[in-house]
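Look for subunit A in each of the two complexes below; its partner is subunit B in the first and subunit C in the second.
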Partner chain A sequence: MLTVVKNQLRVCFLSIQYNIMREMVNKVTFLTNVVFMVLNDASILVQWFILFRLRDDVGGYSLREVLMLWGLVAASFGLSNILFARALSLPNLIINGKLDAYLVQPKNVLLGVLTSETRISAIGDLLYGVILVCVCRPGVGGFCLFLLFTITGALAFTAFALLLGSLSFWFVRMDILQNQMLMGMINFGTYPDGIFQGAARILLYVLLPVGMALWLPSHVMARFDGKMLMAVLGYVFLLSAAAVAVFYRGLKRYASGNLMEARL
Partner chain B sequence: MFESGRKSVEGALLSAHGQGSVRRKPWRKYGVIYKSVLLENLQYAANVALGFFAYFVFIYIYIRLWGYMYRSPEELIAGYTKEQMIWYVMMTEMLYFGSNAGVVAGEVAKDIRGGNIAYLMNKPYHYTLYILARYTGEWSVRMPMYAVFAVLIGAVLVGPLPHFQWITVPVMALCAVLGITINAVFKLCISLFSFWIEDTTPFQWIYNKLILVVGILFPVEIFPKALQPLLKMTPIYTVCYGPAKLIVDFSLEKCVEILMAQAVYLAAGCALMFFIYGKGVRKLYVNGG
Partner chain C sequence: MQAIEVENLSKTFRVKRKEKGIRGSIGAIWHPRIEEIQAVNGVSFAVEEGEMLAFIGPNGAGKSTTIKMLTGILYPDGGRVEVLGMEPMKKRRQLAYQIGTVFGQKEQLWTHLTPNDNFRFFGAIYDLSERETEERIEELSERFALKDFIDTPVRNLSLGQRIRCEIVASLLHKPKVLFLDEPTIGLDPVVKENVRELIRQMNREEHTTIFLTSHDVGDIEKLCQRIIIVNDGQIVLDDSVEHLKNHYLHHKSAENELQKETAPSMEGMAAAAENGDASDASLEDIIVEIYKAQGEV
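This part shows the complex of A and B:
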């Protein structure tokens, strides 16, 4: 059992490694993508400097807390897109019958699909997130929490993308819904939850995984709370389990295409 | 869809060319391209509505954000009331979502990288003007739909815009059209660098983010006074600040100033675009296929 898991992880790691090596063939493009993504993310700081010139807090967050939240969102999104970028283009694979190439491989189908693509610019997002949090000097404990929540955030983002993408087994145009919901998750997630009240706040904690995967962890980083930590871990586990279950349920409905494709 | 769209444009163009009218009126061929793309996009108008959710999310966030930042309804921030500030963001976001200038950037970079440019540059039109005509045909369908949606959600969630005068709408529309075109020209210039470098997307990110942070989210007046003259000299002033400012706080003096700045920017942007394209095609190597 342990050997099977070890082999599977090794295959996933090699897949991601080859994705990155493929992109590194053109070093200038690779570096430009990473560096410019860091600059691109950093430029949004202007917005927060402007807002904090107007008031001492935004939605109950200090500038440091907003920067920590931004760091967490950027790092989670970055890690998800480095390891499991294919979750975002899953509807395309399903609709065009391109899953066949993964079904015939002697390893786990879902992990094979998810790790088959890496977005190089996401390395810039991850780097930016880490730099931003380091600038905020959260201490050793705070940094360890940040790393843990980056992993849970990346898993929640991937699981949400997988869940919505897997709906393509049943419905058409799920790519648009997936894209809009994920963008919504990022857009809401980069603003303090204190500005949202009432039903909207409840929806953002229940319907979109913004509250549980991004806001709650940022609260735990600001003020440690064991119960909140367990709630985040439990939520991410349940969301991931639901996403995997929906994917395999949908896979039973998958009708193979007549597309000839090889994965090298 | 993209290829079939191109074929229909070329079919219409060839038929117009055959009548000899295109040679007499060189601008008419771009009108033919525009009309053809417009008709094609009207077929898919319902797809545009699918993008309303993302626009609504942005606007909802900014309504909540500015609702928090303004302590009282009478407070002014950088000379704007809360309603004016939210309407400003709604209008700039409407221009951003409704114009979807990413299409220009994506198409041009793809044509150059993929070698399709070798085929397109031999056609009886100037490639850059062909792209601009196509792009104008695309946003001519999207923009009015976003405008209606923006006005609807603005009226419901924010309330009417104070001191708005319907008589000024044609001037505002002209200003918005010029702003969208200037933005497209600058994005096209960046994409034309694909003649020299493989991937211009990172440069597009930076340009987009500058437009977003400095022009879309905030009016120029909110920045420190020392920075404002500098910001007014950038394309941001003409692309999004100008049209949105006229909508939320119209004044004839401001209108003339913005239109003049737009004329200068459009002329300079087009000159730069033709220059880069001219240099680029001389560098082009075609590898058969």
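This part shows the complex of A and C:
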């Protein structure tokens, strides 16, 4: 059993390593992608600095807490797109019958698919998130929590993308819904949850995994709460399990295809 | 011993149909019309270990769908499949260690990497140690003459070089059964012959069972002992290539002689038969004739 896991991890890491090697073929593009993503993320902070000059808190958050939230969202999204970027283009693979290459390999299909793409700009997101949190000086414990929640956040992003993408086994053009929902998750996730009330707040805790995967962790980082921590871990586990179940259920409906294609 | 056993295999696809134009598109939202297409319909056959079988048919006959069910890519709707004693859908991973696949129209290699790096990746996929992978790369690159371009990115290789690399990648783990789906598509005659020789050699030396689909009659004639022709998802002929070549035309000639009395305007094969020179017709002519008899072409 251990050997199976070890061999599977070896293939996953090799796949991610090869993805990065592919992107590094053009060093200038690689570096500019990373650097400009950091700058791009940083530029959005200007509005928060202006806002916090006018008010002391926004939705119950101080500037430091907003920066921590931003750091968590950017790092989670970045990690997800470094390790499992293919979750975002899963509908394309399903609709165009491009899963064949993964199905004939003696390895886990889902992990093979998810790790087959890396978005290089995501390295910029992850770097930005880590830098931002370091600037906030959360202490050793706080930084460990940040790392833990970056992992759970990345898993939640991936699982949500996988869940929506897997619906392509049943419905066409699910890529549009997937894209909109994920953009919604990122956009809403970067605002303090206190500004959302009523139905909007319920939707952001139920329909989108914003509340459970991003806001709750940011509360735990601000004031540690064991129950909340367990709730986050449990939620991410259930969301991931649901996404995996839907993917494998859908895989039985996979129809393959005969398009000429290349693995680029 | 049998490498592949297939019994009453069937697969149906559901395909959406719509009327032409924007009206049709809007109408399809409220009243979607879904048709069922029987891609494979009650196919049964068996392949012996070490046999080289050609599984052919016109476009849309169900060849690729069958191969995909044999390799665990698609779930069958009905029937039974066993490859090396395993059901592909239930033991997909275990089976994948024992089989190799080459899809001529689909690249499995990473194009930005060299063949060498690709082979190392495939070595890891099949749980080979680094030493085993190195030894196998050395052996196969010698046999498939890859040495000159093994460190050149795949995207810079010619089609022939790439296909050789695809075959090597699928052979690293010494598969017992190799599925080749149009492996020589787009290759020039010299490279085709080269690839065929390598496949023959592999079958001879490693006793690999070959399951081949191809529209190139040269592949079938030069590689396979047995041929299965499918059309509309059903097997219409299962015979040895030699027997087919020797006897089909004689049978056809006799049939045409009979028909000539009532329908004297037969062309093509009938003309060859009338001349009493059945041996002039190639395997390709025979296959085309069988396709025509099935209402294709």
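To be clear about the criterion, the second predicted complex is superposed on the first by the 258 of 264 C-alpha atoms of A that agree within 3 Å, B and C clash if a C-alpha of one lies under 4 Å from a C-alpha of the other, contacts with A are read in each partner's own complex, and residues count from 1 in each chain.
Note that contacts are C-beta pairs under 8 Å (C-beta built on N, C-alpha and C of every residue); 3 or more make two chains touch, one makes a residue touch a chain.
Treat the numbers as computed from the prediction; the structure is a model and nothing was measured.
Student: Once chain A of both complexes is superposed, is A:101 in touch with subunit B (first), subunit C (second), both, or neither?
Tutor: Second partner only, subunit C.
Student: Subunit B or subunit C: which reaches more residues on subunit A?
Tutor: Greater contact footprint in residues on subunit A: B.
Student: After the superposition on A, what does A:18 contact: first (subunit B), second (subunit C), both or neither?
Tutor: second
Student: Considering only touches as defined above, state whether A:219 meets subunit B (first), subunit C (second), both or neither.
Tutor: Touch status of A:219: no partner.
Student: So, does A:10 touch the first partner subunit B, the second partner subunit C, both, or neither?
Tutor: A:10 contacts subunit C only, not subunit B.
Student: Could you list, by residue number, the parts of subunit A that touch subunit C in their complex?
Tutor: For subunit A paired with subunit C, touching residues are 7, 10-11, 14-15, 18, 21-22, 25, 99-101, 103-107, 252, 254-256, 258, 260-264.
Student: Hey, which residues of subunit C end up touching subunit A in the complex?
Tutor: Within the complex, subunit C contacts subunit A at residues 13, 64-65, 68, 71-75, 92-97, 99, 101, 103, 105-113, 117, 120-121, 124-127.
Student: Flag every residue of subunit B that touches subunit A in the complex, lowest number first.
Tutor: 50-51, 53-54, 57-58, 60-61, 64-65, 67-69, 77, 197-199, 201-203, 205-206, 209-210, 213-214, 217-218, 222-223
Student: Subunit B touches which residues of subunit A in the complex?
Tutor: 26, 28-29, 32-33, 35-37, 39-40, 43-44, 46-47, 50-51, 54-55, 58-59, 121, 173, 176, 180, 183-184, 187-188, 191, 194-197, 200
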